[in-house]
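Shared chain: chain A. Partners: chain B in the first complex, chain C in the second.
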Partner chain A sequence: MLKATIEADIFRETIDAVSALVNECRLHVDEKGIRTITVDTSNVAMVSLELSASAFLTFAAEPCEIGLDIEKIRSMMSMIGKTDIVSLELDDSGKKLKISFGGYEYSITLLDTKTIRKDPNAPNLNLPATFEVPGAMFYDAIKASGMVSDKISLAVSADTCVFTMNAEGDSDRIKRELAGDDVHYITCADARSLFSLDYLKDMGKSIGRAEKVQIRLGTDHPVQFSFVYAGGKGSVGYLLAPRIEAD
Partner chain B sequence: MDWAEKYRPMHLADILGNGSAVRQIVDWAKTWTPDSRPLLFTGKPGIGKTSAALALARDMGWEVLELNASDARTKAIIERVAGNSSTTTSLFGAGRKLIIIDEVDNLEGNADRGGARAIADILKEAKQPIVLIANDAYGVSDSIRRLCDPVPFRAIGVSTLQKRMKEICRLEDIACGEDALSAIAESSAGDMRTAVNMLFGSSTGKTSISAGDINTAQKDERATIFDLVGGVFAGAPDRELQKLSFECDEKPDSVMQWIEESIPLMHDPKRRIRAYGRISRADVYLGRTMRRQYFTLWRYATSMMTLGVASENAGAGFRTRIMPPSRWKRMSTAKKQKTVRRTLAASLAEGYSIPESQIQSQYLDLLSRFAEKDPAAFCERHNLDVDQMTIILHDKAAAAAAVKTVQQAAKERDMKVKKMAASKKAEMRKLEEQLEALRMQEPPVPETPPAAEELPLEEPPDEKKLAPKQATLDFF
Partner chain C sequence: MPSQCAVCKGKGLCGLPSCPITRRFHALKDTRPVSEYMGASPSVFVGSYGYPRVVGGPLMINDTDNPLDWVRQGFSIDDIVSVRSRTIRGGSDLDVKIPNIGKVQEIALSAKPLDVEVAFEKPVSFDINFDGTVTPVGMSGAMKKLDVIDNASVSRIVDRCTSDTDLKATEAARIMFENGTDVYKITNLLTAGLLGVKRRVVPTRWAITATDDMISTSIKREVIKMPALPEYQVFCGTLYGNTLCFILIPSNDWRFEMLERWQKHSLWSGDEETIVVDGEKGLSKPKYSPIAGAYYSARLAVLEYLKSIGRCARVLCIRDISGEYWAPLGTWVIREAAHESLSHHPDRVGTLGEAVTSASQKLGTSFWIPKMGLLKDIRQQKTLFEF
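So, the complex of A and B:
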């Protein structure tokens, strides 16, 4: 059972964060809120999202699982006004979700949760460098790098405590260094990994909206991004596997 | 759960038959490096190709990424899924990822346009082990096949099938007679999946199976062209021939060619002549069918070629060795030969700036004199393959030798370049480290930390200002 209302903005950010990587997901619903964890089709990136019940205007739920076609919801997003209140209601059979907003009522057929791949176990990674940067600054650097290359290296130097993003294309290069007040270190250690910009661009849209994003980085290890939204009531985590370097 | 899935072999050791294929796979996996070639599993459906790939990943502790024919496999999707996956490490800490691309011989559909090309590109770039699976090795596009090492899978023997089914029956607590098992094993023709499905189908809701229960599962089986042609020459009754030709999936014109292929084997010359008469009559009907687009005539053509030939052979039935129409083979060799000639002329035309047609008509002899002098150099200059060299040199062995020399040389060159690049890189890194060390040492006063911080801070500012400026210009 699920019956809830939520502000359009928070709803949109929730959907955007997940749809950046996957087309469908399994949503776990209980009294505390909603959460999902899922891996993209090529097993390269993972997204986990939690939105607590307090982020909703009203929220009543019993524990259940919902198979959501995120792509469908994303495509109707443009119909939702900025200040609308979106109400969600699961029908009794549990096969349809009614989404109402601004006079529209959209009934979406849910996916059988058996057809969605199993939830991954969040891997236990040893990532030495942990720090926070402004989301917008990070996303700008990603966008800029996209102009010259399809991959980017993220690196932290333990000596200087500078966070370097370096994108090298065939002929051109873009480098962005963050230091001083722009980076807040929790632990500063040597780390360097190479990542696909395709994925970072997709994730970046959500990251860019966050005031601060926490990055955990290792050497030739996946990178982890985590940030909060909806006034701290929702949290998103991304995990991205590194590219294998050419030689 | 259906049994084919339930009793899928979990480990390579459980794969039935195909010992040499399994050994080859294990060797490949154990010695795998990013330079290893991908494998191409080929063989009939249901004999354990996909199972072997999945079992391999499980045995090695590798993560699996599967790309099936049921997924739309356009260029974009293949690049996104397989391409990204094959160049990244695992997200979950597994050592490697095994990328399994199933049914690569089924890529030519409209939805998969560009797919073959995309897969070939990925194979070249991949940094993770890849296994391709196909029913028919020759259905796989050349560009892909050339990049893979083939692993042929063979049909599973009747006794092996029977043993496995007995095991399943024991596990499922079903009494099953030997006759029933051997009936299933025979009719599944070495296809494990079909056999297990048949067993599953005939045992649903029962606790014992006898041979009589098996038939239901065979109902929608199709007749093959071999059954039909065999029937025609063995003198099968008309009714049966009609049934066979109805169940056979071939078009009448190819059926006619199959039958025609065996007519010369008839003993009595007079009967042979009359049989050819029937075939030619059938051909007339086929011609009329096409000309008038009146497909009802097909039935006369079919009757004439099957019943007609069978009746001419009446009483003298024999079992013939059924061969595919030899004209197909001749046509395909001719076609291949033509393509080789054309591509050869094209490369030479480019090399000597002479029109292709003139190369073909006048210069081929002359150029083959050149080639004979130094085959390897000629081969390398024009980038020719064995077939093309054979045409030029009129000698298969010499052509193969020349191509091999060229490939060897190219390989050595490649290694050299790689080595040089690696050593250059190492040198650069060393230099950088020295520079860094020098920089750190420069201010020998105890003020080292601030100085060290100052240095990199001083450099970045102009770059720092530049980067966002570029970004904003382009994006807002």
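So, the complex of A and C:
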């Protein structure tokens, strides 16, 4: 059972964060809130999201699983006004979700949760460098890098504690260094990995809205991004596997 | 020679009044002009020039005009050009929005060629035109009168799909294809304005690619939900100087990348070879492919194969064209070359490296390896479960 109302903005950010990587997901609902964890079809990127019951205006739920077609909801989102209140209600059979906003009532058929791949286990990673940067600053660097290349290296130097983003294309190069007040280190250590910009651009839109994003980085290891939204009541984690330039 | 030739394939992107390459084949042959025709009409043709006011009508030849038959009977390029040289294209002015072109529709509907009687306004003479997508036609002329003598024999599934005006063209194409109607028939029905809710006459050139795209998109929807292929498979085959090689890579993540190479001195290239690469991921392909109709035909063939074995994979497709392919015969060549290639026993190997080596051996060249972005991607991109 699920019956809840939520501000349009928070609803939109929730959907955007997940739709960056997948078209469908399994949503776990209980009295504490909602959560999901899923990987994209190529097993390269993972998203985990939690939104606590307190982020909703009203929230009543009993534990259940919902198979969401994120694409369907995303295509409907342009209809939702900025200040609308979105109300969500699961029908008794658990097969349809009613989404109402601004006079509209939208009923979407849910996916059978058996057809959605099972929740992945997050890999155990040892990522030595942990630091925080402003989300918008990070996303800007990603957008700029996308103009010259399809991959980017993220690196931290233990000596200087400078965070460097470096994108090299066939002929051009873009480098962005963050240091001083722009980076807040929790642990500063040597780390350098290369990532596909395709994925980072998709994740970047959500990261860009966060005031601060925590980055955990290793050498030739996945990178982890985590940030909060909805006034700290929601949290998103992304994990992205690296590219290895072997040849 | 402009470098865009391999992408344009005679559409006229260079701005010249007529394509310098297809003009090479603008041969003239001594056939006596005919002012009337009595015989079979196996299909219909609609030109794209002047859209939405186009010219279209029946194709007339007392011979098969289905490429499947040509391949089955082992026709050479010369044989095909000769069949097509004898083909007459009857034309009358059509407005695409008024798809009620009765007699022409009967021809498109019929499962076997219908006998027609046609009188031309002026005697038609030989004037062949080639183009990359559509099959060439030898003679064309405006029709004064068209009579269909036979009654169309319509297969049940075609009848059902064409008489239902609430059935979208995409759905109709899928249903007919699944029930064994070949793409050539479906293209004909689409061209004649017999499919869909808002019916339109569709220029044949566009209908060919539209049919391939409609069907492959619906197969793609099924394939992406299938389990991953258990091993790497490499296919290779050649038809009319077109070598098509497919590398199927185990994955749940459908991707397709195609590379097309026009070898030095082959049809659309000059003194330099021309290479065009294009690809896609996910369900939709945002832009029309620069490889043109060939892309959609090859993609359909490999999706058919994946569906038949119930597996999902990432696919690399290499089309290598030699000078032997001297006349552009239309997109069907790629479709049949792909079928030919996929009908062989594949090389089944366990690693990407072996698959690439096997493909290089079959193709006799490895120029394509550094050109394929998807291959580089697969080699470099790690997955989360490797940690």
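To be clear about the criterion, the second predicted complex is superposed on the first by the 246 of 247 C-alpha atoms of A that agree within 3 Å, B and C clash if a C-alpha of one lies under 4 Å from a C-alpha of the other, contacts with A are read in each partner's own complex, and residues count from 1 in each chain.
In this text, a residue touches a chain if its C-beta (ideal position, glycine included) is under 8 Å from a C-beta of that chain, and two chains touch if they have at least 3 such contacts.
Just so you know, these numbers come straight off a predicted model, no measurement behind them.
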{"item": "Overlay on chain A: chain C relative to chain B, clash or fit", "value": "clash"}
{"item": "Which superposed partner A:V39 touches (first chain B, second chain C, both, neither)", "value": "both"}
{"item": "Which superposed partner A:I85 touches (first chain B, second chain C, both, neither)", "value": "neither"}
{"item": "Touched partner set for A:D159, first chain B, second chain C, both or neither", "value": "first"}
{"item": "Chain B versus chain C as contact partner of A:S196, first or second or both or neither", "value": "both"}
{"item": "Partner chain in contact with A:M147 - chain B first, chain C second, else both or neither", "value": "first"}
{"item": "A:C64 touches, of chain B and chain C: first, second, both or neither?", "value": "neither"}
{"item": "Greater residue coverage of chain A in the superposed arrangement, chain B or chain C", "value": "B"}
{"item": "First (chain B), second (chain C), both or neither touched by A:R243", "value": "both"}
{"item": "Intersection of chain A interface sets (partners chain B, chain C)", "value": "39, 41-46, 120, 123, 125, 196, 222, 239, 241-244, 247"}
{"item": "Of chain A, residues touching chain C in the complex", "value": "39-46, 115, 120, 123, 125, 196, 221-222, 239, 241-247"}
{"item": "Chain A contact footprint on chain B (complex, rising order)", "value": "34, 63, 65, 80-82, 84-85, 87-93, 97, 127-128, 418, 421-422, 425, 452-453, 456-457, 460, 463-464, 467-468, 470-472, 474-475"}
{"item": "Residues of chain A that touch chain B when the two form their complex", "value": "39, 41-46, 120-121, 123-125, 140-141, 143-144, 147, 159-160, 162, 174-177, 179-180, 196, 198-199, 220, 222, 239-244, 247"}
{"item": "Chain A-facing residues of chain C, complex", "value": "224-225, 251-254, 377, 379-387"}
